[in-house]
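Same chain, two partners: chain A is paired with chain B first, then with chain C.
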Partner chain A sequence: MKPLRLLLALVYRELVWLRRFPGEILSGIAVSLFFAFAVVGLPASIGNINDVVARISESVGANLTLQEALLVALVSASMLNMVSGVISNVTQTLYFELATEEVISTILASTSIAKYVVALSMVKPLTITLVLTAYLLVVLVVFQGVSGLVTCFLLLPPLLLSAFCLGFLSAIIITALHYYAGIKRPWIVSGIIVPVILAGSGVFMSFELVPWYLRLIAQVTPVPYAVAAARMLIIAKGIEHFKTYMPILAVLYTVYYILAYSSVKVSERRVKRGW
Partner chain B sequence: MPSAIVAESLVKRYRVRGGLRKTSFVEALRGVSFAVEKGTIHALLGPNGAGKTTTVKIVSTLLLPDGGDAYVLGYSVTKEPSKVREHIGVVLDVSRGFYGSLSGYENLVFYALLKGHSFSDAKREAKRVLELVGLEALKASNRPYFTYSLGMRARLALAKALLTNPEVLLLDEPTLGLDVESQNMVRELLVGLAKQGKTILVTGHNMHEIERISSHATIINKGVVVASGTPEELKRRLGLLYKLEMSVTGSNVKKFRDELQQALQLKHVVEVPAGSIHRLVFYVNATREEIVSVVFKLSKIYDVEVRDLKIEEPSLEDAYLAVVGAGHEAA
Partner chain C sequence: MVVFAIKAFIRLTYLGFVMARQHAVSYIAYIINAVFWLLLIMLPSAIYSRNPHQFVVLFLPAYVAMMVASTGASSVFEFLSWYVYQGLTDVYREAGLGVYHYLVSSHVVDFLISLTSYFLLAFIVGSQIGLEPAWFLRVNPLYFSLLFPAAVAVETFFGGLAAAILTTTRIGTGFYGFLLMLLSITAYTPLWLLPSPLLGFLSPAVLVAELLRASYGYSAIPGGLLLGMALLLILVYYFAGYAMCKLADKTIAKYGIEFRM
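Coming up: the complex of A and B.
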């Protein structure tokens, strides 16, 4: 089967799914916007908005204006959306598919399970990320005019590379859980992984306040680098983030791709032997 | 007639993990061989755990055998699995395998795309198979899958197997849990497909259904083939010409039964005492006339009243029970 046909099938299914769940998409965006504005406007312990801006400036290591602080909060919220959306969706879909021989037999009729899993681990994060962070385009254009469009365009590569890595990571985890651990409720695991990655990535709080082991876990994921790249883009308004963080994200993408493909391939062989 | 599916000495062992470092093996198949002729419906029968599903999975390339090989239209399932997959449609579980929030039509378009169709072909193919299984007529093709009844799900599972118009269908208990109407629909559909030249390997427990639709059957028990052939051949080979059922009463029923057993060389006697009336079931290797003559002669000798006498040709179920119930382990 041509890889393009496989991608077409997956994109078709994603689009149908998205059409079926407009409420979920809108609520995801609304919660994310609420979170971002609440970070700047309504922190529980800080009364003065200038203090809020000062705290956010301190956490990112630069002097920010109110607008920039709000953008940092919005981008952080989009990261949150992306991480939780990608991990929960990829794990749930893959778990259902790997556990259902009907689906596996149809996948095998056209391609290998490994190729399918890798393709799904890219297509799903792509659609989830684009849909759940689309509001950034509107917000950036409102805040920055035409240059907001450019910022949004530059924000996409680190965001998408990061989403693909998380898709592969989800595939690795779900393959291990399904084929080796026999865990029946994988979404519980995804519910643990998401806050661990986010906590250690500096999305909620500055790195210094996060325990070293959480930082360590987060640092082998792409999220802290994507967060840093996005913040640098908003603060420096240039392509510096490409030079600094894109090589790291590219290496992580390659490593995760190889790990995901080979782990599914090994599991596929075991399953076929009835182990 | 050439064979569409050939299984040659299939062996399959499953690894079972006991505890720490303890691994044992369970032999699911111990040299299963059979052949399915082109354009026929071939039933694979056996009790739970006999190895039917393992056999279907091996033939559908989902599982590798530990020994032997199987061929679909001449292609080896171990050496040319992709060629095999091009020619088969598989149903392993009629109630699963679809995305709940997508409609039946959308599910099928997705699977058709996955099988390599272009978008327009996929849409056309999905409509064709939906009409074929009667889901278009039920106006269910655009409803989300999670709203489907089990009968509709079974139809959709068959529709998926029929995408790309495969020559061989492998169906694992396609009527399991279905209501009578849906079972009839599936049966009619399978018979119609066989008439069109498709080869169908089907497993199941409902012997009456299997007997109505299949031209050949293979009975597996404990991982080995215990009998194979047309239903008539199976019955003849097992010596099950007639099934004799009678209700008798009298003081010498036991002697009457023993004499009858000796005179007619009865096999597998089942006796159900119900008060003073005894219901006896025999499998008899004799002609109808001989049976009637001997029964009435002995009933007079032992003063036994025959209240009810029924002689019927044994069904496939009787053959199955005779083989599996008798604990046969080899053909």
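Coming up: the complex of A and C.
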């Protein structure tokens, strides 16, 4: 099967699959909105909202209004959806597909396992990220008017590059665990990795304020850089974030792609030898 | 009667511990998951608040309440969904055990898990904002001793509510999760902002949060009134939950239950 056909087939499957889970999509978006409003609202409930905005401004290094502080929180919260959606879906789908002999046979009849896994690790993050962060379009238009559309468009590159990296990361972890550790409960992997990465990425505060032991794992993932890029885009209202963070994200994308492809290739050889 | 109830509780708790031992890795993952998700929001919120110490004492206790409420709902979901598929629900029912018994079996384990993860969360947030390492252990024993019965009542209420929803409606699991999540999040309701703090108790989870807050000396309700209300509400929530569990059992006995994804 040609790579383009493989990608199109996967996109079609993902769209059909996503239509079956409106409740999960709604829950994901609701959690993000709750977190964004809570991070501003909870401290304000025992004090003054202006003081809270002043502290947020100090944390992000810019003088924000309440509206801007809320917008920064809402945009940052999209990372929660993206990270949890991508990692949990890619790990669980890959785990069940790699563990099912019929699926492996079907994949091998039309393409290679390595190509399939890499394609899935890109298509799933693409569809999930677009669906779960679609609320940003409404939020940005409400807060910024028509220019919100441009902001939304500019947010996509860092979001999608991060999502692809996380898709590859999930593929690396799940193939390693499946072929070498014999894991039985893949949801445990996503259940641990997702909050550990998010808590260490400084989603709602400056990365420097995050305790060092939480930052350790997060800083080898794209999430802190995507958060910083998104924040900079809202605060600076320009394309500075491309110059500062896109090269980092591009390098991470390349590294994760190479690691994912080569690790799955090694596992594929094992499968063909009769693993 | 009382001796029989105590014996049944001990047997079911033993069953709960045996099941928990089989899923020890899942429990560890659950604790890590819950603590880190809460850190994501509690750490920045504490840093942004006027008085970080007051913030953690007022809002971290709601974590225990939310955990207790959500574990009640998720235990029942497990019993009426995955166990249906695996045939375990039938095994329980053949042994004369229903939704309520399954909930009882997990009360002690769930409470210990909620408390352990709360201590871990409180330690991490406390150390980051400069509190003494064991600040969360300085509690008023009177209020703290009411925490377990309150947690049992709240867990039974949410479990019963979940069972009633799952057995008497055709609601999809996605929307079910969304609904229960919204209800358990009400544990974070800041009572001091309501027209009357008593209105907060419309959400049963608030009771657990308020008792833990009171054990640290911060409560929106005067001490005597809170104690009296706690004793009354524990009974109300518990028997309401019990009634909903029995309704679910009767519905299953009459119509059966299908596995739902």
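Here, the second predicted complex is superposed on the first by the 262 of 275 C-alpha atoms of A that agree within 3 Å, B and C clash if a C-alpha of one lies under 4 Å from a C-alpha of the other, contacts with A are read in each partner's own complex, and residues count from 1 in each chain.
Convention: a contact is a pair of C-beta atoms (placed from the backbone, for glycine too) under 8 Å apart; a residue touches a chain by one contact, two chains touch by 3 or more.
Small disclaimer: the values here were computed from a predicted structure and weren't measured.
**Q** Quick one: classify A:L252 as touching chain B (first), chain C (second), both or neither.
**A** neither
**Q** First (chain B), second (chain C), both or neither: which does A:A109 touch?
**A** first
**Q** Touch check for A:E101: first (chain B), second (chain C), both, or neither?
**A** first
**Q** Applying the document's definition of touch, where does A:R5 land relative to chain B and chain C: first, second, both, or neither?
**A** first
**Q** Does chain B (first) or chain C (second) touch A:A38, or do both, or does neither?
**A** After superposing on A, A:A38 lies in contact with chain C but is clear of chain B.
**Q** Regarding the shared-chain residue A:R55, is it in contact with chain B (first), chain C (second), both, or neither?
**A** Touch status of A:R55: second partner only.
**Q** Which partner reaches more residues of chain A, chain B or chain C?
**A** Counting residues of chain A touched by each partner, the higher count goes to C.
**Q** For A:W17, using the defined touch cut-off, is the partner it touches chain B, chain C, both, or neither? Pick first, second, both or neither.
**A** In the superposed model, A:W17 contacts chain B only, not chain C.
**Q** Applying the document's definition of touch, where does A:K272 land relative to chain B and chain C: first, second, both, or neither?
**A** A:K272: touches chain B, not chain C.
**Q** For chain A, which residues belong to both interfaces, chain B and chain C?
**A** Shared contact residues on chain A: 21.
**Q** Help me check something: in the complex, which residues belonging to chain B touch chain A?
**A** Touch list, chain B to chain A: 12-15, 28, 54, 57, 60-64, 66, 81, 85-86, 88, 90-93, 96-99, 101-102, 106, 109-111, 113-117, 119, 144, 157, 160.
**Q** Which stretch or stretches of chain A touch chain C in the complex?
**A** 21-27, 30-31, 34-35, 38-40, 42-43, 45-48, 51-52, 55-56, 59, 80, 185, 188, 191-192, 194-196, 198-199, 203-205, 209-211, 214
**Q** Which stretch or stretches of chain A touch chain B in the complex?
**A** Touch residues, chain A against chain B: 1-2, 5-6, 8-9, 12-13, 16-17, 20-21, 100-111, 272-275.
**Q** Would you mind writing out the residues of chain C in touch with chain A in their complex?
**A** Per the touch definition, chain C meets chain A at residues 25-26, 29-30, 32-33, 35-37, 39-41, 43-51, 54-55, 58-59, 124, 128, 172-178, 181-182, 185, 188, 190, 192-193.
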